[in-house]
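The following pair of complexes shares a single chain, chain A, combined with chain B in the former and chain C in the latter.
What follows is the complex of A and B.
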């Protein structure tokens, strides 16, 4: 079109416009009457009381009625379903009277053959120049497709609400179940441990149990109890595995140890008895074993003598009053319950004022630490213990509890601690139980 | 809770005039009375309110259980009366509110001393020996219509409409705001209204009662008006030449005139 700036020579000029007008005029031969009657929507006018004064052919066709049946004989509400009438009277009519117009209201028309016709209705009040309401003009649009689609949406929403309600209910139920389970597990776990350590004259004891998961029963256990007026028995151990089966084996182990100790407190015989009991289970299908340290305390003149034996358990550690620490090795002690006859190794030591005997499970030494997530290990435990002031069993347990807490998620197993000792002589020991 | 805010209470008219308490029915809100308030306000103290669940009442006060029976709505009426310490009240109830007024008057005769029932019906569903005009299925159809028409109500706009009683223009700007109601609350009110049966309660009415019925009312046809009239001894029945269920909108002058004439307070 470059250079074509002369308007008179442009295509689509004045002459063409005349031609187009002629085409439009031929298309627009419809009279206003025909535009009204054959409009693609229903159209009606009513008096203020709803009496139908005029209605177009489109709407009559939808309704299956003749104009003579309707005009002057029916009210607009007569064309509605009963529910639609109620809606009209409670919402549509008041709004129309208050606002002068209402648009896009979904209603159902009732055709002569009883069929329901979903429509969208818009009404406007025509007023005189003085503002007096004269009549109501109403357009009616076929809304079958739209209403069907809305019904789909509504169904979808209802289904989604129902699904949400059910999910919420299931979640609540699951939470309640979990809370009940945890409560039961906590009670069961408690039953595997002494509720409180007994008070022993001239002796101090401390203990701690770390539960790795509230949903899983751990297999660690310990106990401290009187044998007679002079002697006390203690044990600490670990049944392999977790969960209800491990808890059952732990319970069996604890009560076997207690019963065996009352019969014959010699540490090696006690562990041998436990080995027989667990092995019977082991050979009949429940392949669980345990490791444990069992010992007896006896008061001497100025000390407490300790006799203990171990079956496959990490060596006990003694914190001395002079600031040193030493393991009590029991080499050759075998896992308990695996073989029909097991060898256990005994050892002995003496605890003097300020000395503390520490028993622990491998949750402590196998905790992961540092950026490399290395095993904490027995060497580190030895160094940590030696570095603590010799302030008695409870102080040592408190220090170790802090150590465990510092491991964070590096501590992923249950851990039991049991510390026994003579309180330091010089210390005022305000926390001491004795 | 501040009852005035909760029920969007409006007080107008002569401060020392006898009290008219106007209660809207199911559908819209206190705006239903707007065309007759000016005439009534000349000689009365006019108190208007929205039931919880309608208009600009506080939606936070909604309690589905309470508002699933007409007693819950009657409690709103009594609490408004107590909050404003209204006495010697003429309770004007439209549609279902006429029955709410019956319950309220039975509980607080010391406050409510007259009833004006506008297009009342004690039961909408037909029963043996009684014609209310509707079947249970019809009511289900109405509930469908409620589902299909939100009338400008939207969860997003509701706080704007409800939370600004001091700035009514906020609501007025919204088309259809007078009838814009939380659809869940509207459904409960609809069920409570149209499934109610207050015929026995009519026997408890012990205060002077004016019944206004319309000559052409789909919801409360004339035989229902006659039923209410005969059930309340000493009541007066006035038939207004009006079409529809809301004479206070379609025939405001006649409606206001009938009320003031009955009360002997015609201007």
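What follows is the complex of A and C.
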């Protein structure tokens, strides 16, 4: 049944096809010649030596040439730019010879008016039945849009690469700048502290400085230096704030203290001088204050006498050889630099073998500890110090450094420690440590 | 860490700033900025109510001192009210308990200022 249906429909189908062909033919007024000449691409045929034997109107139109100028007179390579000729010579022709066809090669034609015409060229060698090459048939497609697109892509890629290169360069530069800044900050920070504590006969000293942030200059400072043959001055303090301004104030503070001490080492008079200098320097606008302990050490027969004064600074602590510890209160000592005239309180003590005087900044006592972030506080520091064996300043500083490390995140401020004392009599010689 | 909030109200004797939260290195500039914009009349008293002050470091103390200089510039005075124990301890250490007028609360500060005003 199915076969019957197919057979009956066949004559009808053939009729339809013929009718359609007729319609198309009349519509297109088509001929092979017309199709060749007016094709939407260029056609040309050349002899094996490249002499142009036939070329269509489309291509002649693109080139702005007449058929008579070209056929039998020019070779295909004569239509190419210098670059195109070279490429044809080195790649196109050899490939064509080897493979018998080459497809989609980008070349540049040179029009009569000198304009450059980017094209895509496909060539195929026509051979005789014996396989002898007879001629080359070539189609030429206008590639102006495509080249423009490719050029755009290339430009885009170049721009992207350039942007990436610039970003990379900027990143490298920023890294270098940052390293330089860190280096400058480290140098500046070091200038606020002695590079090494001086060796003092019959006296041991230890110090430690903790920087909360490598990016922010801290305001903590300390120093120890000779006044004359038998007296030594020391100080430790904290300038409010952080950063370059604080560092500048710290520098001013440090050198004022040193200069004032050489002029008149009385601790109250030294702090009064500093107060005057800071108040004068910073009275307008950007105020800078500091707290500091300043003191003088003098060798006695079997002890070192300490005379010190404090301006708003946490009380110094003395660790005694007998395992006790005591604060040296200086009540009423004022923050330095706030008022034109400030009061400072002096106190004195004696250090005997095994006694250590500890100065610290509030980074230590204001550190927050434990899950409740409680202030560490002065009582805890007192208890900690009393519990340490009286093994001298360096041992105490080492113990406190360990304590600070244990605070971790809780230690969010700069912290300076300075410990001074007479070495314990029975202790093994500490000379190797200094 | 508690964020800093500052609310301002006017009492008969001058502005009262209620400072709540942490006054430290990161937040102190906020108080300084507010103080810069604050206009006081001669003889007025600026009260800093510290009832809600959770933490105050050296930058915070500096900001309190900035308030004092700001007030003095304009011939006004400054008082601290309800200073928390921790901060009071620091003020004592640095000798500022003798520089600032301290009151147990804002009402006492305002009352005291109006008495001074009457006697003056």
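In this text, the second predicted complex is superposed on the first by the 272 of 434 C-alpha atoms of A that agree within 3 Å, B and C clash if a C-alpha of one lies under 4 Å from a C-alpha of the other, contacts with A are read in each partner's own complex, and residues count from 1 in each chain.
To be clear about the criterion, a contact is a pair of C-beta atoms (placed from the backbone, for glycine too) under 8 Å apart; a residue touches a chain by one contact, two chains touch by 3 or more.
Values in this document were obtained by computation on a predicted structure and should not be read as measured data.
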{"item": "Chain B versus chain C as contact partner of A:94, first or second or both or neither", "value": "first"}
{"item": "Which of chain B and chain C A:106 touches, first, second, both or neither", "value": "first"}
{"item": "Contacts of A:154 with chain B and chain C, given as first, second, both or neither", "value": "first"}
{"item": "Contacts of A:413 with chain B and chain C, given as first, second, both or neither", "value": "second"}
{"item": "Touching partner for A:86 - first (chain B), second (chain C), both, neither", "value": "first"}
{"item": "First, second, both or neither for A:199, with chain B first and chain C second", "value": "neither"}
{"item": "Contacts of A:374 with chain B and chain C, given as first, second, both or neither", "value": "neither"}
{"item": "Between chain B and chain C, more extensive residue contact with chain A", "value": "B"}
{"item": "Of chain B, residues touching chain A in the complex", "value": "25-28, 31-32, 34-35, 95, 134-135, 138-149, 151, 175-176, 178-179, 194, 216-219, 243-246, 249-250"}
{"item": "Chain A residues within the chain C interface of the complex", "value": "238, 240-242, 287, 289, 291, 311-314, 332-335, 338-339, 342-343, 362, 366, 375, 413"}
{"item": "Complex contacts: residues of chain C adjacent to chain A", "value": "25, 57-59, 61-62, 65-66, 69, 86, 93-96, 98-99"}
{"item": "Of all residues in chain A, those that touch chain B in their complex", "value": "48-50, 75, 77, 81-87, 89-91, 93-95, 97-99, 102-103, 105-108, 147, 150, 154"}
